[in-house]
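Please go over the structures that come below.
In the two assemblies presented below, chain A is common to both, partnered first by chain B and then by chain C.
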Partner chain A sequence: MKEYHYTGPVEHKFSPYAFNGGTVLAVAGEDFALVASDTRLSEGYSIHSRDSPKCYKLTDTTVIGCSGFHGDCLTLTKIIEARLKMYKHSNNKNMTSGAIAAMLSTILYGRRFFPYYVYNIIGGLDEEGRGAVYSFDPVGSYQRDTYKAGGSASAMLQPLLDNQIGFKNMENVEQVPLSLEKAVQLVKDVFISAAERDVYTGDALKICIITKEGVREEIVPLRKD
Partner chain B sequence: MALLDVCGISDWVKEDTFSSQKASVDRVNHFNFAALEPELAVPIGVDPAEFLKPFTDCEDGVEGVTIKLKHGTTTLAFKFQHGVMVAVDSRASAGSYVDTQLFKKVIEINPYLLGTMSGSAADCVYWERLLAKECRIYKLRNKERISVSAASKLLANMVANYRGMGLSMGTMICGWDKKGPGLYYVDDNGLRLSGNMFSTGSGNSYAYGVMDSGYRYDLTVPEAYDLAQRAIFHATHRDAYSGGTVNMYHMQETGWIKVSQEDVGELYHRFAAEKK
Partner chain C sequence: MLNISTKTPTGGFSFENTRRNAVLEANLSEKGYSAPNARKTGTTIAGLIFKDGVILGADTRATDDMVVADKNCMKIHYISLSETFFTLPGVAADADVTTQMMSSNVELHSLSTGRPPLVAMVTRQLKQMLFRYQGHIGSSLIVGGVDVNGPQLYSIYPHGSYDKLPFLTMGSGAASAISVFEDRYKPNMELEEAKQLVRDAITAGIFCDLGSGSNVDLCVITDKTVDYLRGYDQPVQKGMRGGTYRYKPGTTAVLTKTVTPLPLDVVDESVQVMDTE
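Presenting the complex of A and B:
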């Protein structure tokens, strides 16, 4: 039980981490993938920025969404981009989504004893052109999924996605594969709901749509309160 | 490089200050494509387990910073006359949140070796992937597959270097080699045991109860499948941190086969119907 009237001495230590909020979501379809994030950067009761998106484009077929501690997100994306260049120079080809995911897992585990406080989700197209989503925990455990929500509102979004995309806990339902238009609409609806109930999510929504034509972006305003 | 390692003349090539005991670097070197030993960054001068405690354990550590790592499970394996049965659940929980119900807790190292995972997901995934790499290098160097005993020993020695630093891993290495079916339990303290039946994870006691009451060495194959499935199912029913689906593998002389992946909800209805 938390004590509300503690009157003794309190030790204040420097904490290397902070929580900057934000929600990330990725969905994989037959021939497309979506990575969406809100653009609010907060800390405690303040909003640092209303225009700080959490999706970063890595290659023409892969986008990563990082939420958690913004400092670690920036450093991690810098390291990933450097490693992508090193791979390109050594192997004369771009990294595939699966390879980026496996590499990120070892980068994260390299800091097992002082983790990057980042929840990552990679969305992209695999070698056969099908959509792929890889979700990570802060120390590098990862899995390929069809859809995943991460960040502050993840616990609110994930059950809704389980029901609408995974058809969980529904009986006698025709399991139609998800089309791109329907997926984009679903992502918009889901973020609008998250912005209502999670203080750290809001301001604007940025959706990166990855198809064989490349990466396209769409920005949708959300609640600013 | 690989040949240089085998010949053992790496001293004059590059004198690495990195000692093979504990990782004593506080940042990771990204230019080491083929590191001889895995280099993990360790905060210098601080006990790693104590350092992480306020961020992973406490609810209100530092203004909402809670690094939740994926955990929890039930896995089991037993030897019987037709080989080794392996069954696992598929839930990965981060704190009290169920992160996914479809996590793969069996890693297919090669067609004759399987590794199960329990405890911290990242620790198991990383070390078993490293083990898969070592097994592959062994096969390339020696032109024959690694034995189950050697593979489990490699894993035990790898994690023993990080003993006391807060790793959490309980795994079973199962395979079929020249000596027949093999089953070893390896954990994060470097403990390595050979045996006929093991169960690990938060739900292991429930699984042991069901397994012990139905186990015989001379089970037929369908009976063994049924026993393994029931044991995991009952563990998922009672343990909050286990659930999802039951994944079953059968290790035979010709390699492993994936028997089935069944949702626990459907199993519940099947077993309930049997009772009537």
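Presenting the complex of A and C:
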């Protein structure tokens, strides 16, 4: 039988990270892409802000959503924007979505041993004008997806998207490609459901809709409790 | 004889189970598992004394870590039938058992003394039990009621300390709620003003605390009546979904289907006559 002993007072080290909550979602369509996030910024049991969106516009064809530790989100987006400018000045053209994704992967891996605590999802149009979604882990592993949810309610949203967009676990269903209107309605509905059960998700939803005309924004209120 | 459901130990504290728990914990972690954590409710509860009695209020969200487990749970529990005491479990499921135990103890005590029960008696029994368990029972409670000494309000913490005050809040949303009380509380308020104040305090917790949410439950206790206002206010509306998410029959794949008929034969038949005199 193991010995039982009382370990005594424990010293807690300073943690450089905090968890600020938030959920991000991106969907790629035939000729459009959506990046959506809630706008609540929290810490512990408190709310810092009800109006802190997590989508950042990078170019006319690319939007990035970042959730996790807000300090690292801000720094990371500043670094990405600086690198975009540098690329524009040296190559005289804007970075494509695929190029931004590849660059972000190297930026994140550069901090492999003190990572950015950020869950990134890039949504945009590729060179052929088709929708593209790239999802990342905190140290830079990435892949191109059709749809991806990240952040605090990702485990609640991803299975629903697998079913509604990926037609998983269903038979005898006509697999129509997703239209822009249906995609926007689906995104609104999944966030309404996520706000019911995830305490970190709520207040408002911001959807960035990327088409060849540019980036359009829509804001929808969510539960505030 | 007054029989409390748990045997009161003869002396000192009873920690019989701590060795067993340590062994269990060690065995589990050897295999790579961890013992289940108690679910905390994360809550806003509040109580205040007004002109004619006591009002208790609570939110209705129960959380499992940071996921909402119950959107409309009841946190105001009923203690005594003959007099009117209600306690509000603050932060744990221990509260259910605690209130059930107290309910029976109060009845037995008042039968034993031949007097209607007192709020102070409930408080003392609760704090003695919680102290005996040295904080391992994680419930914080607010006890409110009206007895021969008038309206009274007590708060009790998991380690067994208590406070007697004209207004109180507890739970993760206590800070939000107490700020509303500190701003607008006055002694001897009228009923409607007092109900509005408690409602506003709980609403502050619902919006400003992530552990609290959904609806406001109130309980108004006077020397004559008890009004349990479940769902007194619903400050948050559930969002309406636009799409339809129904599935046609045949959507779920049936992989295999086996039908096994069960032929039943009557083996034995007996009749037993009931005595219905």
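Simple rule for what comes next: the second predicted complex is superposed on the first by the 218 of 225 C-alpha atoms of A that agree within 3 Å, B and C clash if a C-alpha of one lies under 4 Å from a C-alpha of the other, contacts with A are read in each partner's own complex, and residues count from 1 in each chain.
Keep in mind that, in the parts below, contacts are C-beta pairs under 8 Å (C-beta built on N, C-alpha and C of every residue); 3 or more make two chains touch, one makes a residue touch a chain.
For clarity, every value in this text was computed on a predicted model and none was experimentally measured.
Enquirer: Once the structures are superposed on A, label A:V139 by its partner contacts, choosing first (chain B), second (chain C), both or neither.
Expert: first
Enquirer: Using the touch definition from the top, say if A:K57 reaches chain B (first), chain C (second), both or neither.
Expert: The answer is neither, since A:K57 touches no partner chain.
Enquirer: What residues on chain A does chain C touch that chain B touches too?
Expert: Residues common to the chain A contacts of chain C and of chain B are 2, 44, listed in rising order.
Enquirer: So in the complex, which bits of chain A are touching chain B?
Expert: Chain A residues touching chain B: 2, 15, 17-19, 44, 69, 79, 82-83, 86, 90, 105-115, 117, 135, 137-143, 145, 148, 154-155.
Enquirer: Which bits of chain C are touching chain A when the two form their complex?
Expert: Interface residues on the chain C side: 18-19, 22-23, 26-27, 42, 61, 63, 66-68, 71, 172-173, 206-214, 235-243, 245, 247-248, 250-253.
Enquirer: Okay, in this complex, where on chain B does chain A touch?
Expert: Spelled out, the residues of chain B in touch with chain A are 26, 28, 30-31, 33, 39-43, 48, 51-52, 54-55, 60, 62-65, 67-70, 92, 94, 97, 99-100, 102-104, 120-126, 129, 165-167.
Enquirer: Of all residues in chain A, which touch chain C in the complex?
Expert: 1-2, 4, 42, 44-47, 152, 164, 169-173, 182, 185-186, 188-189, 192-193, 195-200, 222-225
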